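Listed next: structures, encoded as C-alpha cells.
There are two complexes below, and they share subunit A, which is joined by subunit B in the first and by subunit C in the second.
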Partner chain A sequence: MGVPILKQGEYLVVAIQDELTDTGWHDLRTDLVARAGKYRSRGVLIDVSAMEVMDSFATRMLDGIARMLRFRGAETVVAGMQPEVAFAMAQLGLRLPNTGTALDMDDGFIELQRRTRPVTHVR
Partner chain B sequence: MSDTVTFTAPALRPEEKAALRDFHHFYEPHAAAINDELMRACQDMPEWAPIIRAMTPEQMAEQNKRSLALQRAALLEDQWQPYLADLHTQGMQYAKAGTSFSSWFKIISAYRNCIRDRLQDVARTDMPRATKLGEAMNGLLDMVMGFIGEAYLATKEQIIGQQQEAIREISTPVLQVRDQLLIIPIVGLVDTHRARLLTEGLLKAIRERRAKGVVMDITGVPIVDSKVANHLAQACEAARLMGALVVMTGISSEIALTLVTIGAQLQGVRTVGDLQGGIELIERFLATGSTSGAVEASHDNQARGEG
Partner chain C sequence: MCVEATIPIRHDSDVLSARKAARALATRLRFSSTDLALIATAISEIARNILVYAKSGEMTFEAVEDHARRGIVVIAKDNGPGIADIAQAMQDGYTSGQGLGLGLPGARRLMDEFSIESKAGHGTTIVMKKWTR
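Let's turn to the complex of A and B:
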C-alpha cells in the first residue's frame, strides 16, 4: 500500500508517515502527478512532520515532484519539517527551491492559498 | 580533585634516583633554615608578601613539615604520587588566585640561591658530590616547575573554557517583537560551534512561537568571512525549510565590501540595510505576502511564485 493521497477541494494532501523506500518515492511521484491531473488540483500539501531523515534522494524527489506538478498547474508546499531535519538539510546544502514551506498543515494551507491566489487561466 | 587524578612518576635512571636520594639527605637538615630564608626573601616580593603575612608561624611550620614529608616520600621511597598531586594542587591554586607565573620563578630562583650557598660549604670538602647535588637539584626543580606549570595552564584553560561557554550561552537570544515576528541580534564572533547553537535556537523558536518572519541582525558581528557567511546562509535556509522568511540586516559597508571581495555567496538570503527596514519588510510580508523591496542574493528562487 502506497502513501495515501487525500483530496481536499482544489488541493491534494499527502502525509508521509515513515521513511519511504526508493520505489515508494517513485510510486508517490507517479500517483501524485496523475491525481493532480485527474482532479485538476491547484495545489499539493506534503506533510513531512513524521520524517526524521531527509537525505539528498528524498530532497531531489520532493523537488522533482514540485517541478512536475508545476508543469501541470499545481503549486507544492512542504509542511511540518522537524527543526533537526531542517538544520541537517541546510548543513548538507540540500534545498527545496521549487516548493513553499510551512510550519505545519494549518500554515501549509494558508501558504498554498497565497501561492495559488491569482488564478492563472490556460490560454 | 587532585586525589582522583593519577600522575605518572618521572622515569628516572638508577643513578638519577641515587643523586636525588643524596640530595634529600643533604637538604633535610637544612630544610628549616632554608624555609626561613625563603620566607624572608618573599617579604620583599609584592605578590607573595601578603600571602606570607596571612599565615601564622604555626601554619607555616605545618606546611613546611608536610611538603618536606612529601618530598622525602618521593625522593627516598619512590612514592611520587602524593608529591605530584600536591604540586598539581599548588598549580591549580596559583592559577585560581591569579598568581603570576613569573612570581613563581622568582621564588624558585630564591630557593636555588639558598641551596647554592649551602652547596658551597659541601664543595669545600667534596667537590664532585657538590656538583652531583647541584645537578640533582636542577633536575628536581625543573620537574617541579614543569608540573606546577602544567596544572597552572590546565586550570587557566579550564577557566577560559567556562567563560567561553558562558559567553556563548548569553549571546544568542531570540526575541519576539510581535506575533509571528522574531529578531535575533547576533553580537560577536560567529564560529562553527556558535553558528550551530544559533541555528538550533532559531529553529526551536520558530516552532515554539509559530514565527513566520525573522530578522537576523548582524550589526554586532565584527568579522564576516566566507565561513561565517556560509553559516548564516545555512541558518536562513534551515529557517525557510521550516516555513519562515528570514531577512538579514545590518551588513555594514565594510562587511559588504569583504563579502564582494571574497566572492561569498549569501545564497537565498534576503538582505535589507538596517534592522528597521528588515522589520518593515517582514511586517509587509506578514500583511500582504509580498517580499518586494528585499534583495535576494540567489537566482534559483525566482520560480518560487512569490506574491
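Let's turn to the complex of A and C:
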C-alpha cells in the first residue's frame, strides 16, 4: 500500500504515516520524484504530524527526497513535526538541510510559495 | 525483574515492531511523551544497526525498579561480526557503513544509561536504560 500523493495546483501534498517501512520510503521517493516531473510541480509539502519517530534513516530519506526534487526544479517543505520528535532529532544530531520546515500545513503552503517564485513561460 | 517482550530483528518491519513494543511498555511505566519519543528513537537506531551490521538479532524490553525509581531496560543482542574498536564506533559521525554515524552515540545521548559489549567475531550486546523522572 503506497502513500497517497495529492496534487494541489502546482504543488504535491503527502502525509506520511508513522508506520512507514524502509520499502515504503523507497517507493515514496520513486513516486514523488516521478510525479513531480509529470505534473511539473514547483513544490512538495510533506506532512509529518502523524510521525512519532524520525530516526536517522527517516531523516536521511526525507532530506534525500528533497535533494532529488530540487534537482528536478521543485522545493520541499516538511510541516507539522511534533515537539517530541523535534526534541529527539535535535538530541540525536539530525538535520534537514535541503527542506524548508513549517509548524503546520497552512504555514507550509506559505513557506512553499516563498520558496517557489512564479515561472513565466516564454513561447 | 520481569521480561516484558522480546522482538526478533530480521526485517525492516521488525524495527517498527520493536518501537511499538517498547512504546507500549514505556507508556505503562508512565514515561512522559518526550521520553517516549526519545526511547522509541534510540530503539529505532539500535534496531537498524542490528539489521545493517549483523543482519539479525533480538531486542528485549524489561521494566525495572530501583530505589523507588521506575525504568525501562532495553537489551539488544546480535551474533554479527562485532565491533573491533568500540571507542571509534561511539564517536559522532563515524560509520563503517552507509549511515550518518549517529546511531550508537545518538542512542547513548537519548537514554540515561548505555553500555556496550562487543568482540570482533562474537557479536554485540547493548544495554540501555531510561528512568522516569
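What we mean here is this: the second predicted complex is superposed on the first by the 117 of 123 C-alpha atoms of A that agree within 3 Å, B and C clash if a C-alpha of one lies under 4 Å from a C-alpha of the other, contacts with A are read in each partner's own complex, and residues count from 1 in each chain.
The working rule: contacts are C-beta pairs under 8 Å (C-beta built on N, C-alpha and C of every residue); 3 or more make two chains touch, one makes a residue touch a chain.
Since the structure is predicted, the reported quantities are computational estimates derived from the model, not experimental observations.
When both complexes are superposed on subunit A, subunit B and subunit C end up sitting side by side without clashing. Contact with subunit B, but none with subunit C, is seen for A:Met81 once the two complexes are overlaid on the shared chain.
In the superposition on chain A, A:Gln91 makes contact with both subunit B and subunit C.
In the superposed model, A:Ser56 lies in contact with subunit C only, and not with subunit B.
Applying the stated contact rule after C-alpha superposition, one finds that A:Arg115 touches subunit B and leaves subunit C untouched. Once the two complexes are overlaid on the shared chain, A:Ala15 sits clear of subunit B and of subunit C alike.
Shared-chain residue A:Met105: touches no atom of subunit B or subunit C.
In this overlay, which is a superposition and not a single complex, subunit B and subunit C have their closest Cα atoms 8 Å apart.
Overlap of the subunit B and subunit C contact sets on subunit A: residues 83, 85, 87, 89, 91.
Contact residues on subunit B toward subunit A in their complex (touch as defined above): 196, 199-200, 203-204, 206-207, 210, 212, 234-235, 237-244, 268, 289, 300-301, 303-305. For subunit C in complex with subunit A, the touching residues are 12-13, 15-16, 19, 23, 33-34, 36-38, 40-41, 44-45, 48, 92, 99-100, 102-103, 106, 109-110. Considering their complex, residues 19, 21-23, 52-57, 60, 82-85, 87-89, 91-94 of subunit A touch subunit C. Only residues 70, 75, 78-79, 81, 83, 85-87, 89-91, 95-98, 100-103, 107-108, 111, 114-115 of subunit A touch subunit B when the two sit together in their complex.
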